[in-house]
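By written order: A, B, C, D, E and F. Residues from 1 in each chain.
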Amino acid sequence: MATVKLIHYEDASPEVAAVYDDIKRTRNVPDVNNFWKTLAHNPALLKRTWEDLREVMAPGALDGLTKELIYIAVSVANGCEYCIHSHTANARAKGMTEEQYRELLAIIAMASQTNALANALQTPVDPKFNVEAG
Amino acid sequence: MATVKLIHYEDASPEVAAVYDDIKRTRNVPDVNNFWKTLAHNPALLKRTWEDLREVMAPGALDGLTKELIYIAVSVANGCEYCIHSHTANARAKGMTEEQYRELLAIIAMASQTNALANALQTPVDPKFNVEAG
Amino acid sequence: MATVKLIHYEDASPEVAAVYDDIKRTRNVPDVNNFWKTLAHNPALLKRTWEDLREVMAPGALDGLTKELIYIAVSVANGCEYCIHSHTANARAKGMTEEQYRELLAIIAMASQTNALANALQTPVDPKFNVEAG
Amino acid sequence: MATVKLIHYEDASPEVAAVYDDIKRTRNVPDVNNFWKTLAHNPALLKRTWEDLREVMAPGALDGLTKELIYIAVSVANGCEYCIHSHTANARAKGMTEEQYRELLAIIAMASQTNALANALQTPVDPKFNVEAG
Amino acid sequence: MATVKLIHYEDASPEVAAVYDDIKRTRNVPDVNNFWKTLAHNPALLKRTWEDLREVMAPGALDGLTKELIYIAVSVANGCEYCIHSHTANARAKGMTEEQYRELLAIIAMASQTNALANALQTPVDPKFNVEAG
Amino acid sequence: MATVKLIHYEDASPEVAAVYDDIKRTRNVPDVNNFWKTLAHNPALLKRTWEDLREVMAPGALDGLTKELIYIAVSVANGCEYCIHSHTANARAKGMTEEQYRELLAIIAMASQTNALANALQTPVDPKFNVEAG
């Protein structure tokens, strides 16, 4: 249940419809996800978010699948239900194997655990991590 | 400043020293990081955490560097200063290029932003993400 | 689905009913929200929370709407679904325009992004922010 | 202690220096904050973040000070030390009074408390908050 | 709605069924919770998580109920809906009284509030907390 | 480094000094912690927070030490450095043994890990957890 009504394609302003069209074309899908339909109440933010996302998630020094795995990891740590679902689906669409998903979950679990331990113990950062030194 | 005194190698019990030795051998380093020196107050947890970490972070379906990038992402989202420093250093030691680091930061920033937007809008999960269906 | 049964007005103890009456009178509503109906299992906490909330959210140096916007921002960052819904509704009831809501979302997204970047980079705090100095 | 070396003005590439110049001109300051000096390792992200921030934080339907208060609230909930310091300073520079700061802190404390309670109790969202209904 | 199909007992591999059997025996329940049915996609992680959990949550220097209260507290702060429900149920099964639950909620609320205040004010840690000193 | 100057006893207003006196008397300490010295900029919030804290943390259905352990758990999950230090010190002052501290850390680590897994897998809540049923 969203805090705003979803803006469907047929009700979209020309500005919003143009972004929807670009998403559909780029991703080769018949309709955009609910995320965009809620974000569309702020057309400028919709446009900027889509354009930034398209650029950031395009394969570069990191391949597209690795980027999705990182995205899932952040979304889990932030507890964003919607993002976990959509990016897990994206990762699968980009070829994530079951074995890779298993390892992803194990890393997220391990990091969450050591994050909590280092915070609880307030472990001091080792001086050797100082990049300004030497 | 930690909540416990660091346990240095020369003060370690045989049980703790055995884990320190394994860490030093596995990573080929002259001393273990502060994280282990604080965790050593609970020798069972030290041993289990190290053994799990060694297994989880070993190259598998995902390579070692990709695993470190995911680890950094979780640590940033959880705000663990120590973990951010140690795993950024690990990633560099495993060959992370400046360009890869740049892209990692851009993905973390992008995910944090869309996580917040999806949470703020309480965007409903698209029915197509249901893996039990079909 | 709550961890406790909702305590409805007709089942409330006199102590709880007195708080419900004060909420209904103050807010001019026919019934209290579910939040209070779950909190009522701890009558002392119910009373204290309501009285503190009433005082904190009353217009002062900051007007009532600004206070609701700040409340939404905290709730989004903490990922509290219930609080996001109830305070978005409160903000609308206090006159939040669609344009203000758009800007609120954009700020929350921007802050989440730069929070993540500053954490990832562990940017050192500028000395000029030191209020004890000069 | 940052994960990267700070890039000072005199060492900046023309692309980075152009952003620094724009920040200095817009904010009328002799030098940019450390945040930008760490972000400058990714010139594209530096440029995009600055341009988005400048646009998002400009007075609009919400005034500049209200925007800073919202920014502080998000930064506190996300536990970003750097962001808390820089935006508290920004808010003061934009005229935040001590009384407004007091109220801001009280709202953040209150919201954090009720966020935790609603999460702990898993309070169900009231049907009346459904914006798609009637 | 999970990101994976639940693996029910009748569909479980021998490796997974063995863990399910141990959970059912240890807890004296007719079936395992959904958590294990989703985790079972990674049999090694399933086994390790169950064995660690069984050991960590067994009565020791802290009794079993106290351990569940601490578990709930972490789960609330991390916003894990599933964990809040399952560990609140566990605590009740281990004898948590309504009065204890009331106090638990009050502590969680109080800690969340002072956490936010100390973060907002960036209160410096008192030197007397230094365990390495004197 | 705080966002406000610390208000020391000798500079405190009568209203603030009265709270400081009550803290010193109740805890039998020569001076109040820095937390109160930063909070004192909002005398009403200082008074309310202290009085609530004193009441919430007093032994009741849960003993004083158990309450401190829960407080630490929340503070670790929220990443509040100050609160972790002050409540770990409080727990020690109330008799926390090294063995209890070890178990506390193990529970926090375990909960953080399963929280992340349940969130990542979006495990559906078991119907049996429904307290309104039956």
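As a convention for this text, contacts are C-beta pairs under 8 Å (C-beta built on N, C-alpha and C of every residue); 3 or more make two chains touch, one makes a residue touch a chain.
If you're wondering where the values come from, they're calculated on a predicted model, not measured in any experiment.
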Rotation in the CA alignment of subunit B with subunit E, degrees, nearest 5: 180
Distance from subunit D to subunit B - Cα centre to Cα centre, in angstrom: 27
Subunit A-subunit D separation of Cα centroids, rounded to whole Å: 21
Where subunit A and subunit F are represented by their mean Cα positions, the distance between them in whole Å: 33
Contacts with 2+ other chains: residues of subunit A: 1-4, 6, 45, 49, 52, 74, 76-81, 84-85, 88, 102, 105-106, 108-117, 119-122, 125, 129
Chain contact graph, described as a line, ring, star, complete graph or other shape: complete
Interfacial residue positions of subunit A with respect to subunit C in the complex: 1, 3, 41-42, 44-45, 49, 74, 78-80
Subunit F-touching residues of subunit E, taken from the complex the two chains share: 1-4, 6, 33-35, 37-39, 45, 49, 52-53, 56-57, 60-62, 66-67, 69-71, 73-83, 85-89, 97, 99-100, 102-104, 106-108, 110-126, 128-129
Residues of subunit B touching subunit C in the complex: 72, 76-77, 79, 81, 84-85, 105, 108-117, 119-122
Interfacial residue positions of subunit F with respect to subunit C in the complex: 1-6, 48, 52, 125, 129-132
Footprint of subunit A on subunit C - complex, ascending: 79, 84-85, 88, 98, 101-102, 105-106, 109, 116
